[in-house]
Amino acid sequence: MSYRYEVRLAGEGGQGVVTGGLVLAEAAARYEGKNVVMTQTYAPQQRGGPARTEVVISEDDIDYPKVLEADVLLALSQDAFDRYYRQMKRNGVIIAESARVGGEVSGHVTVFRMPLEEVSRQVTGSGLSANFVALGVISGLRGIVSPVALRSALRARFPGNGREANLKALSAGVLLGKYMKQGKIISPTELRQVT
Amino acid sequence: MAVEKLPPLQDYLRTKKKFPTVWCPGCGIGIVLGGVIRGVARLKLNKDEVALLSGIGCTGRMPVYADFNTLHTTHGRALTFATGLKLARPGLKVIVVMGDGDALAIGGNHFIHAARRNLDLTAIVVNNGIYGMTGGQQSPTTPLSARAITTPYGNIDQPFDVCFLAKAAGASFVARTTTYHAGEVERLVARAINKKGFAVVEILSQCPVFYGKMNQGQNAVEMLRWFRDNTSTQSVAGKIRRGILVDQDLPEYLGEYQKLVGRAQEKKSVRKRMAAGASK
Amino acid sequence: MTWMEAEPKEKVTFYRQWCKNCGICAAFCPRAALAYDEAGCPFLADPAACEGCGLCELLCPDFAITVPSRHEG
Amino acid sequence: MANRRSVRFIQGNEAIAEGALAAGMGFFAAYPITPANEISEVLARELPARGGIFIQMEDEIASLGAVLGASLGGMKAGTATSGPGFSLMQEHIGYAATAEIPCVVVDVQRAGPSTGIPTHPAQGDVMQARWGTHGDHPIIALSPSSVLECYALAVRAFNLAEKYRTPVVLLADEVVAHMREKVGEWPQLEVLTRPAAAVPPEWYFPYDNDLGDVPPLVSFGEGYRYHVTGLLHDKSGFPTQRVDEVDPWFERLFHKIEGNVDDIVQVEEEGTEDAETVLVSYGASARSARHAMKMARDKGRMVGVVRLITIWPFPEARVRELTRQAKRFIVVEMNRGQVRLEVERVVGGCAAVEGVHRYDGEMVSPLSIVKAIEEA
Amino acid sequence: MANRRSVRFIQGNEAIAEGALAAGMGFFAAYPITPANEISEVLARELPARGGIFIQMEDEIASLGAVLGASLGGMKAGTATSGPGFSLMQEHIGYAATAEIPCVVVDVQRAGPSTGIPTHPAQGDVMQARWGTHGDHPIIALSPSSVLECYALAVRAFNLAEKYRTPVVLLADEVVAHMREKVGEWPQLEVLTRPAAAVPPEWYFPYDNDLGDVPPLVSFGEGYRYHVTGLLHDKSGFPTQRVDEVDPWFERLFHKIEGNVDDIVQVEEEGTEDAETVLVSYGASARSARHAMKMARDKGRMVGVVRLITIWPFPEARVRELTRQAKRFIVVEMNRGQVRLEVERVVGGCAAVEGVHRYDGEMVSPLSIVKAIEEA
Amino acid sequence: MAVEKLPPLQDYLRTKKKFPTVWCPGCGIGIVLGGVIRGVARLKLNKDEVALLSGIGCTGRMPVYADFNTLHTTHGRALTFATGLKLARPGLKVIVVMGDGDALAIGGNHFIHAARRNLDLTAIVVNNGIYGMTGGQQSPTTPLSARAITTPYGNIDQPFDVCFLAKAAGASFVARTTTYHAGEVERLVARAINKKGFAVVEILSQCPVFYGKMNQGQNAVEMLRWFRDNTSTQSVAGKIRRGILVDQDLPEYLGEYQKLVGRAQEKKSVRKRMAAGASK
Amino acid sequence: MTWMEAEPKEKVTFYRQWCKNCGICAAFCPRAALAYDEAGCPFLADPAACEGCGLCELLCPDFAITVPSRHEG
Amino acid sequence: MSYRYEVRLAGEGGQGVVTGGLVLAEAAARYEGKNVVMTQTYAPQQRGGPARTEVVISEDDIDYPKVLEADVLLALSQDAFDRYYRQMKRNGVIIAESARVGGEVSGHVTVFRMPLEEVSRQVTGSGLSANFVALGVISGLRGIVSPVALRSALRARFPGNGREANLKALSAGVLLGKYMKQGKIISPTELRQVT
């Protein structure tokens, strides 16, 4: 079996974890020719309840479609973090929205707490593209899917409005991710420069 | 109306457990819940003597929040459970909240039969013209040519007039209002509860997330404005009538059943007496 | 702070935890007495204007507003 | 003379109605259907005379809905139907199982599938009684074989429903329902009533999984104000999706039936002590089987009969036990082999399993059973 | 680039809808329910654009009723629902089986019983698909495991429905229905259409039992003017109670399915050639099983998987065959053991039968399967 | 009316196979069957283009005798089958006969929804105020205080007004007559068949064996006399109105659906053209 | 004799095999032209009185009466 | 096993085979203390379709509740005769309404074709009590149930109208049966005298 890359995006309804997952998955599937399975879990709440998307990426056939141990967890809410921070691979990475998630994790997992919404606000004027900032970070940091593929997938999903803002957020995330990969810590002012 | 003071609302809510509600921001169902609770409070009913039933749907989630005897039944069938409960416990005030799909699509038959039977129930139809819970499909009250997930080319089914249907089926009390007229909700619900017989209150409500979004992208505020501007307590052309549309005194089922029990027992004792006489 | 204990002496009290920022209350206040803070929650921006009519309480779908003068105790 | 007067010659359906009354049923809601109608006929007359409630509803779905509402209101409640109506009741049977609301559903089986032959008998709803509603759920089903047993099992059905807070299906068939037999004074049978809550409202949890198999059900209107739903729920009755709340509930739900099979399962045996061939049957077909057994014994064959009084949960242990001695099982039923599937499964190759089946609206003849016995 | 454009990343429900369209479905009637809604969503858009009919009915009973009417009118017709709606459809499923009207019912299974957890998966309706309606009747049920298979089995479901004049249940589950996978151009699949009558109206019998397993069904309005009923009927379709007319019909009705299992039954196997332990699974759970098999094989265990594509009629022959070699069967399913009962029955003591079951709204994890494999 | 000659009736009956009918002596259903067949004959419809559907009940046995495309469905659901059949075969004249229990008890929901949807169907309700087939239980049209097997102490359920209900639900054409007025049956059925849209004809009918026997022991002749003496084509106090009660032109469903198909196909071709343009 | 071939030249023809003796036809004949025989089947007792109105045909629930003048062919 | 007496009453709806069976069964059960099971088969027809009642009488428990081979068949219609004349015990007796039943039977069964309706008409003025004439014949001829028991059962079933006529018909039947037992053939005139 070739490597099985497992990404879990979790937060609340309205935070765009499903759209984020979709763009990530389509990028890998349509633009990089990988096998990809995406699943999502719905809550009874119409809006605002817990939302979760899981994307499994592999060169091989994918049997079990859900995340067993995540390579990457995106936690956009405290609840999401608390539920899932344990189900990680060795050397897994957690990217958490610093404005919403607190708490410590010990062990072999790296946690990046980042002001994703703040970044989104800075680049797009609204916090709504935090999901794409996060996708960019994941791409920049772990290289699962290339920024080019992500951009193409995003363009295909958003033919009209929202496209430009989301692309900006994505690029900002990519840059951030690359910085982080180099071990840099980014101050808010640097952030502003980056984006 | 003199302003009458109501007990604190939290007395009627399961505040510790289930809030905030599952409903989307701006959804009208919460306003209806408030109206129902104020209606009950206004009547100073003991919470133990109130049962709140629902079917399935966003509206169906209402009972969870109210500190009464609460029963979340199956889709469309709440009135049948209510019928059994009321007959078994005549002392309970049985209030049934239903969505438009719940009450009139899958539940339409129970609705007309409950009206016909005229058992002392209070039926509240939260009419948002859409299936909220399942993601925005058309309902039997979706207006002609409106969009829904299952009417991407515009709705071609005539909508029901809920109140007219209730009347034709035999309801004792039929009223209509909207979530914008929240004070009316409270008053009409109280009237309906007090009415002996089957009482229907239709409340036009907003589902901004599906109905609003798919139809001119209206938000909650715009939808409430629409209710304000397009309804009237008078018969006005082009406006939807609000207020009490039917209020008639018909034989109520429980009362009639009590009389029937009397007849049955009399017949039985006659039969017994005859038998006793015969065996002499 | 539990529900309804918030700011008991105000003409209108708000329970922010339940507010979903729907925008209804301020839109329909007949005296335009309400405004929203950064988080989208309402506050009594013009206490003097408020006539205690209770509409904001009635229209809030989330039980996040109380007009104490309209309740017992 | 007094004796003669107390002797009556009545139908199974009438006996079911009288059993339900004896069990304390105060509420009955139904929709007419052949061959269950006599049950309603008796109850429409008798229930009001006793202050109880008889109501004819607009359909079978409504009937069971009303029954569940009345049961939550504190009355023992039941309904009666036949195949087509039983199919329509399936959603509410699942609701009753999930919300744990006691109720009794009488299904007088007629020849199916679909409209079938409404006036002819069958036993084609046996698997449906177990599996007719969606999702996993436990159920109890009983099958009477005589007019007297129609009465006794009606009482027992209500007892089990209350004791285990569960829907109970009384699976009669057209033969037993319309057959007339002589009955005298009814036997005095124990009648169970719903236990009261032992705790005040603040401590009451309608689905408490730590209180043993069956937490007591307090009626609506008695000051306990709890929530009931068909969604999976926590111990208070509120909806939940949490696995740690759902799993213990499921465990209790199934355990209350599976852990009490000794109490719930009843079979009647004749000739099984020394039987090489065991006839497995129930309801009216068991009468054919017993007749055939006597005929076969007359011819010197070692044949016995196990009559399933409880069909669900299936009397697994007893059937398995019998494989120690019996070489053959012949399942006799008015369907295409439904209980036979269970027998095959349970016997698991330890003995031959055959069947004498008939599903064209006629009873299985004892002669065809004897023939099957002799064919070995 | 052309290739990339034809690659889509879609949900199982969308694939089912597209498969139905590819199969020539011209009529779809349904009532909304989670998690089947996307099927209606696609069809509400696509059917009218192709001149077909999409109609949302007042409930599930009406939906299947309309489907049967349309099918008699000559259109391939289908509906989609989930557990609660599937329960309500049971009466009409029996009608379709009895009147032999082709139709497809998609049941996207969600966590039950009752309202359960509407957004979570389960496979709790497997036995219901077989036994949900009253009376004996044959049925076909298929279970897809991937998005591509959602498409392919939708086509196959319509083909089988038409070929055998029978209701076919497409038993999907919430995982497969909502899962997204990459699909390219759909494969070209054979599409069967209803054969025309070979005889003029005077000689036509819609239920001719002497014409082979499946007498052709002529549409209403084509000059043949026959009668259709849910009562047991003679070869003309008229009601009968005559055993000599009913029995041959029953025989053909069951034979058309049971006599054609080779055509109807499909399983997919991996690693069964040398397996000591065989995992039996279907739908989304089969993905867990295959994952577990690979893990176990990595650890040197001789494990294979039989994936049931056809669930009903049960792939009895193949499972029985496997007992020659396999010592253990482990049934993996999102329910409390439904297919497991069939496996136990068929294996008949020739091998151990175990199960890894989960029914609280979550998928079976491959790890728990591996654990079960290793526990032996 | 000029006396118009009808084709011989046996052309429309399955005379060789299924006669005499299953109905009891004097039962009104046979008169209705005659009326339906005469209505069809009067319109000179080809038998191949007529479909006669029914639910379950004594009334439900009607299709067996008529030489059309005939479909005996399930109890209460005939209108749902009819909806599918008509949509699939718009060329068929689809006539649905139902008993009062069939149409209005278990089938009430389909009845009001068919009326609302206004598909071009002809619905004939044979209203004998009782469940004949199952042996004389009350139906939703059993009069107050009448006896039935399940109302031994007199009926306490308000009966439906079938025509008013049909009207409130949105039917295009609603008419009422009785088996005594057999000529009216024929004419109204013909009118209903020709009406584009959902058309309801309620026919009061006699069940002498159950209803008649349990209620003053009336026989068929007496029941027909009652229909004669207690109904009128005028609004007369104390008499039941006969005749056409509603005849309105509302958008018919099939026509609306055709338009919808047009919109859908236009949209699709626009989408295609745009896609083609984009790929240039 | 098959259905409808009976007594073709009469004003009113009866098909006895289908008659169930319900008594409707004679009861409502406006000219009292019908009567019943021993078996309970109707016959045209007063042919002269019959005006061929067809009511008996319309009201017979069992298709046992035809008034030929009202039909083609 | 003690003797199992099987009686099948068959005819058409409205001919009273169910009532007849009921009186026969109740006579045996309530007034002679036998075990009795009665079953009936319904036709779809509301009135006039085939109707069948079966009564099994024994001192012992009765298992199979239907007739296997009848001791007595009452055939009130041709259809009933044709359907059931084969399912008879050796030395079984068929009593058939002579006005309705024709056809020959060979073998060990005795067929009495009798004008039951005519007898009924003579004694009661109406043919409706033919069923009770037949019951009387069965009793007189075969003695399964005593006339006294039959009379008591009939009285219990018919508290009001119909009682006297039916009793008369029954008595006529009993007498007839006794005559027949003595091998007498009864002419119409004798019949009139008997009754």
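Think of it as A, B, C, D, E, F, G and H in the order they're written, each chain with its own count starting at 1.
In this section, contacts are C-beta pairs under 8 Å (C-beta built on N, C-alpha and C of every residue); 3 or more make two chains touch, one makes a residue touch a chain.
Predicted model only: the values in this text are computed from it and were never measured.
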item	value
Contact-graph separation of chain B and chain E, given in steps at minimum	1
Fewest touching-chain hops separating chain C from chain D	2
Chain separated most widely from chain C, comparing mean CA positions	H
Busiest interface, counted in C-beta pairs	D-E
Centre distance in Å when chain F and chain G are each reduced to the mean of their C-alpha atoms	28
Chain C and chain F: spacing of chain centres that average the CA atoms, whole Å	57
Averaged-CA centre spacing for the pair chain H and chain G, given as whole angstrom	37
Sequence positions of chain D contacting 2 or more other chains	34, 45, 48, 58-59, 61, 84, 91, 95, 114-115, 118, 120, 229-231, 239, 241
Chain F, residues touching no fewer than two other chains	20, 23-25, 27, 72, 74, 105-106, 108-109, 113, 133, 140, 152-153, 257, 260, 263-264, 267
Multi-partner residues of chain A (each touching 2 or more other chains)	43-44, 48
List of chain E residues in touch with chain D within their complex	61, 82-84, 86-88, 90-91, 94-95, 97-99, 109, 111-118, 120, 122, 124-125, 127-128, 130-137, 229-232, 241, 243, 246-247, 250, 254, 335-336, 338, 341, 344-345, 347-350, 359-362
Residues of chain B defined as touching chain D within the complex	17-18, 47-49, 51, 53, 63-64, 67-74, 77, 80-89, 91-92, 109-110, 113, 257, 260-261, 263-265, 267-268
Of chain F, residues touching chain D in the complex	56, 72, 74-76, 101, 105-106, 108, 131, 133-135, 137-138, 140, 149-153
In the complex with chain F, residue positions of chain B that touch it	105-109, 112-113, 116-118, 140, 152-154, 156-161, 164-165, 167-170, 250-251, 253, 256-257, 259-260, 263-264, 267
Touching residues (chain side chain D, partner chain H) in the complex	4, 7-9, 34-35, 118-120, 175, 178-182, 284, 287-288, 290-291, 294, 363, 365-367
